[in-house]
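Next up: some structures, all given as structure tokens.
Across the two complexes that follow, subunit A remains constant while its partner is subunit B and subsequently subunit C.
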Partner chain A sequence: MKHPWLKRLLSVHGLLFLFFVYAPIIIVVVYSFNSHPVNMMVWKDFTLDWYFSIFGFPTKLTEQTLYVESTDQLVSALKNSLLVAASTTTFATIVGTTTALAVYRHHFRLKPFYQGLLYMPMVMPDIVLGIALLVFFVNFSIKLGLMSIMIGHCTFLISYVFVVVSARLAGMDDTLEQASADLGAKPWTTFRRVTLPQILPGIVGGALLAFIISMDDLVITYFIAGVDSTTLPVFIYGMLRRGVKPEINAIATLMLAFSFVIASLGLYFRKRS
Partner chain B sequence: MIEEALDYIAEVKDAVKRFLAPEGGAITALDGISLEIQQSQFVTLLGPSGCGKTTLLRAISGFEELDSGEVRIGGELVTGVPPYRRPVNTVFQNYALFPHLSVSGNIGYGLEVAGVPRKERDRRVGEALERVGLAGFDLRKPAQLSGGQQQRVALARAIINQPKLLLLDEPLSALDRNLRQSMQLELKSLQHDLGICFLFVTHDQEEALTMSDQVIVLNQGQIEQIGPPEAHYHQPATRFVAEFIGDGTLFSGEIQNTIENPILVTKDGLSIAVGVGPKVGDKATLIIRPEQLNIAPENPDDSMVILDAVLEQSVFQGATRRYVCQLANGTSISAAPTESGDQAFSRVKPGEPVRLAYRRSAPHVIIET
Partner chain C sequence: MIGKRESRRLAALLIPGTLFLGIFFMGPLAVMIVFSFLEPGLYGGVEWNFYHLNYGRILGWADAEWEKFDPVYAEIFFRSVRLALTNVAITLLICYPAALWVSGLTTRWRTIVVFLITLPFFVSLVVRLFCWVLILRPSGFLNSTLLGLGLISEPIDIIYTETAVLIGMAYILLPFMFLPLYASIEKLDHSLVEASSDLGASPYQTFLRVILPMTLPGIAAGAVLVFIPSLGNFIVPDLLGGAKVLMIGNLVEQQFLSARNWPFGSALSVMIMLVMLLLIIFFLRRIGRSEIVK
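So, the complex of A and B:
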């Protein structure tokens, strides 16, 4: 790294990489403000109409240019997504955290094997998991709907929380719990006052990860969603089949902003620990 | 018997603890250890790593259950009693300060979980901070303190509950030499002021000699010797203790000649006169400490023993100088004479012969049974 031109080359390499990753996303954001109704790739004017139409405000747009027949559909898909993400995140965080604690504390036969089983749903192809869940639900006559989506999401979200919390536990100094016990704290007090504050960043991180993955999941949800219970990604996918239109850019931009907020929260909590 | 038991703050009887070795088989950490610890004493468990000293400490604090044998604290059997119900507190080797709590949060933790009201707690935390010289640091987080300050917080946190027995698990090993030496003296005076019993674990013999009223030397899960530090140094009970504590040269062999004038004959044929005590035919080990050796005077009297050697090198050590010599049979022996003896040594150059002398009665003889 002595030569200045080598350093410059590295900077160029870095910038090219960032461009490669972010250019498509920036284009989506830019064109979500494009007023050209038919060909979204041709820039016409700046407009916020697509955003207005998503939220159901009156716009100058004609019926033909719109794809969302009614804002109600979109809002109901979004509501479903939020409901599924919130409930599965809560459940997966509790189960994932307690599982991680149990595996951390106890030594038992075939422990690495069970840990492997817990990692599996993360690396399993989504399509396989989707089909497997569908077959399972049909076989056991479980009605496809919001409930089946929630059960399906929990199966792999628990793994994510487990992995994140386990990593945090592995980094924890286990003499802290001993010090607490030594000073007279009963096990529950030790957990509340020492263990929990130590692993809280891991739990919050795992929960945020689970929330984003649940909000984002298309493949698995596509298989196990019922007719009436559409989540946001499935709804957008449905829209896309009728062509890429400017409204989708606006929805994508909003989702991006939402993910950005969640990721920032995650970073904030990590930094605070 | 009962009255006697009450005098002891802690008793360990026939303690046995085995661990499964990772490569299979069992490691015996404690091999039938029995000891009593008296009130308000500074007791040190000394031994090399793996001798079982930390296991013994953890058996007393409750983090390790014995395979057999029993532990009594304040006369009460504590088998099966969890650590949080035992009237002992521990200063951990890595301090184990709670990183998310402030200094006063850490120190007051024991009082808080015991339900001591806030006002009382604050007062006692303030006192403890004062005592360890950290007044004004109460709002800092452990990460903002130096190693020595963290050490003091750990100490304050452990003594605030006024335990019957304070356990210290090599707490000074992470500090640099100067700080360690001043902390040794501080710990000693703290123990004296508090009047509670300290049980201190270390592998550092110097640390043990500096601080302790009683030293317990452990080796391979067994007790080698219990006694005041002076006894370990001047009258080591076993060859292990003699080698582990202090410097010196050991000669093992058989006692020959007469009871009045015993001579130790080593395997390689070296004959050394020893003090009166051992019987003819005893297997014995003689320990010659460096400070017992001097250059032989012109006309040595009968109380002196002379060893012919060659000076190898002289090593400057600050207060004293150490002269490393070699005996005829190749054994290396060191002398660390006092100031007057040093002058005699300084006239000898490395490679030249030197006549070493010591008082016959000075070196200790261990008689092996």
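So, the complex of A and C:
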């Protein structure tokens, strides 16, 4: 570029952009270690008490500043989230992958229809899908609970897996598969020995993406969770609506750390693919 | 020709997805559309009679009496559209220069910065919004810092305003604007940019006549991807806007969880879906398939 001042201006903007993205996150992480019991934004001392308190360990905190009953609910919300994420990821990965294989390894007339159908759940606004699922479950007397959450998550997770796996399939040369078939391998053998190893990074990447999206989903789960089966994001949202407490800092920091680890793993697998 | 074996294999691969999405994706949407044409029951629930006034109510005629015009819902609808469009403009203004900057970095740094920008996208929405609640609260980080520095004498009210909602929405939707913009800017043919400035165009002219037209598909994709989730959002206005900045999403939530007027809520939801479908169709017609299928 011929205009160095322009380049410098862009760099400044870029750095401010990164600052805007990360400053709020860093503030929460830093203040989750703040021991000030009244005003959580006035720095007093370093403490791990908020972390201890969310797991129910004894702390030096005085009784009133605590969410007394939260630990059990928090743990059960976390368990629900993990259970839902694990089962929906398994289901969505299998169904998403088979559908991707059908659409990108076969020629048939309804192919454009299927591509459209699978992109729909991703562009559908969360609230519309959440409402539609709620109305559907209630209308057909399906009990709202973990099962309804799992079904709801699968409707959009299948699409995410489909997109990641089909990107891998589309970028892959199918001559190896043809060679395998020409040399007399049965379709299943070709799939297991040739196709699968090649698309595996895509499948793993798709599965990790599905897992993290399921763990994070708030809006759709909010509508179809029912009374006694809440997930972690819905639980924290409820806490936030009632008021801000320092423990939420600690929970938020742990969730941040968790998301960063999974996301880094996911991006690592995508890079390799 | 497709052999019999192959078509059986194709069917086996397609059936699970077709069944699942047919029942649990298309099914719910169909039920919701049906509900939007039913009469609301007296104590919640629905009466199975055809009733078109749920839509009349959105426009302002709740009981089909023309003299009783009350556009309160239409106002909320237009406010949501206005806020969503403002959010598109904000994210575009923030992300376009940022994407230009990233595309000018060395390959190594580009990978790192794109990774850094994508990373928060994977962090739970509640957590990201919680960060802003902490910052914008009356006793939050912003006010404590400004008070501490002596820049202001009493806390400024920023939470529960449209500004707070716009900050929150821009923050959570940045990656949706950044990534398509970056993808189209990165594909940009740099020889054309050089040719333009070699031939004497000012940076401003080069940008307006060369760079901008070539990155229009990216801008359009980003705008659609930001507009759709902004329009129906209810979490951001709920946490950062309070009761003062109601958006259509909050209205839908109220109809389902407190007012218990499900048909009206369904009608509002169908409206959001229609806006989305129109946008997608318009986008696919004008810009083409290739951009969205990235």
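As a working rule, the second predicted complex is superposed on the first by the 256 of 273 C-alpha atoms of A that agree within 3 Å, B and C clash if a C-alpha of one lies under 4 Å from a C-alpha of the other, contacts with A are read in each partner's own complex, and residues count from 1 in each chain.
Going forward, a residue touches a chain if its C-beta (ideal position, glycine included) is under 8 Å from a C-beta of that chain, and two chains touch if they have at least 3 such contacts.
Because the structure is a prediction, the values reported are computed rather than measured.
Peer 1: For the overlay on subunit A, clash or fit between subunit B and subunit C?
Peer 2: On the shared subunit A, the partners fit.
Peer 1: Scan A:H13 for contacts with subunit B and subunit C and give back first, second, both or neither.
Peer 2: The second partner, subunit C, only.
Peer 1: Looking at the overlay, does A:A185 come into contact with subunit B only (first), subunit C only (second), both, or neither?
Peer 2: Only subunit B is touched by A:A185; subunit C is not.
Peer 1: Contact-wise, after the overlay, does A:P197 reach subunit B, subunit C, both or neither (first, second, both, neither)?
Peer 2: first
Peer 1: Considering only the touch criterion stated at the top, classify A:P24 as touching first (subunit B), second (subunit C), both, or neither.
Peer 2: Once the two structures are laid over each other on A, A:P24 reaches subunit C alone.
Peer 1: In the three-chain superposition, say which chain, subunit B or subunit C, touches more residues of subunit A.
Peer 2: C
Peer 1: For the superposed arrangement, I'd like the angle with vertex at the C-alpha centre of subunit A and ends at subunit B and subunit C, nearest 10 degrees.
Peer 2: Seen from the centre of subunit A, the opening angle is 90 degrees.
Peer 1: What is the minimum C-alpha distance, in Å, between subunit B and subunit C after the two complexes are superposed on chain A?
Peer 2: Least C-alpha distance: 8 Å.
Peer 1: Where on subunit A do the contacts with subunit B and the contacts with subunit C coincide?
Peer 2: 187
Peer 1: Which stretch or stretches of subunit C touch subunit A in the complex?
Peer 2: 2, 5-6, 9-10, 12-14, 16-17, 20-21, 24-25, 27-29, 31-32, 35, 94-95, 97-98, 100-102, 104, 113, 115-135, 137, 139-141, 144, 171, 174, 197, 203, 228-229, 231-235, 238-239, 249, 252-253, 256, 262, 265-266, 269, 272-273, 276, 280, 292-293
Peer 1: With touch defined as at the start, can you tell me which subunit A residues reach subunit C in the complex?
Peer 2: 1-3, 6-7, 10-11, 13-14, 17-18, 20-22, 24-25, 27-28, 31, 39-42, 94-96, 98-99, 101-102, 106-108, 114-115, 117-121, 123-129, 131-136, 139, 151-152, 154-155, 158, 162, 187, 212, 215-216, 218-219, 223, 232-233, 236-237, 240-241, 244, 248-249, 252, 255-256, 259-260, 262-264, 266-267
Peer 1: Quick one: which bits of subunit B touch subunit A in the complex? Just the residue numbers, please.
Peer 2: 61-63, 82-85, 88-90, 92, 94, 96-100, 109-110, 113-114, 157-158, 161
Peer 1: Within the complex, which stretch of subunit A touches subunit B?
Peer 2: The touching residues are 173, 175-176, 178-187, 189, 193-194, 197-198.
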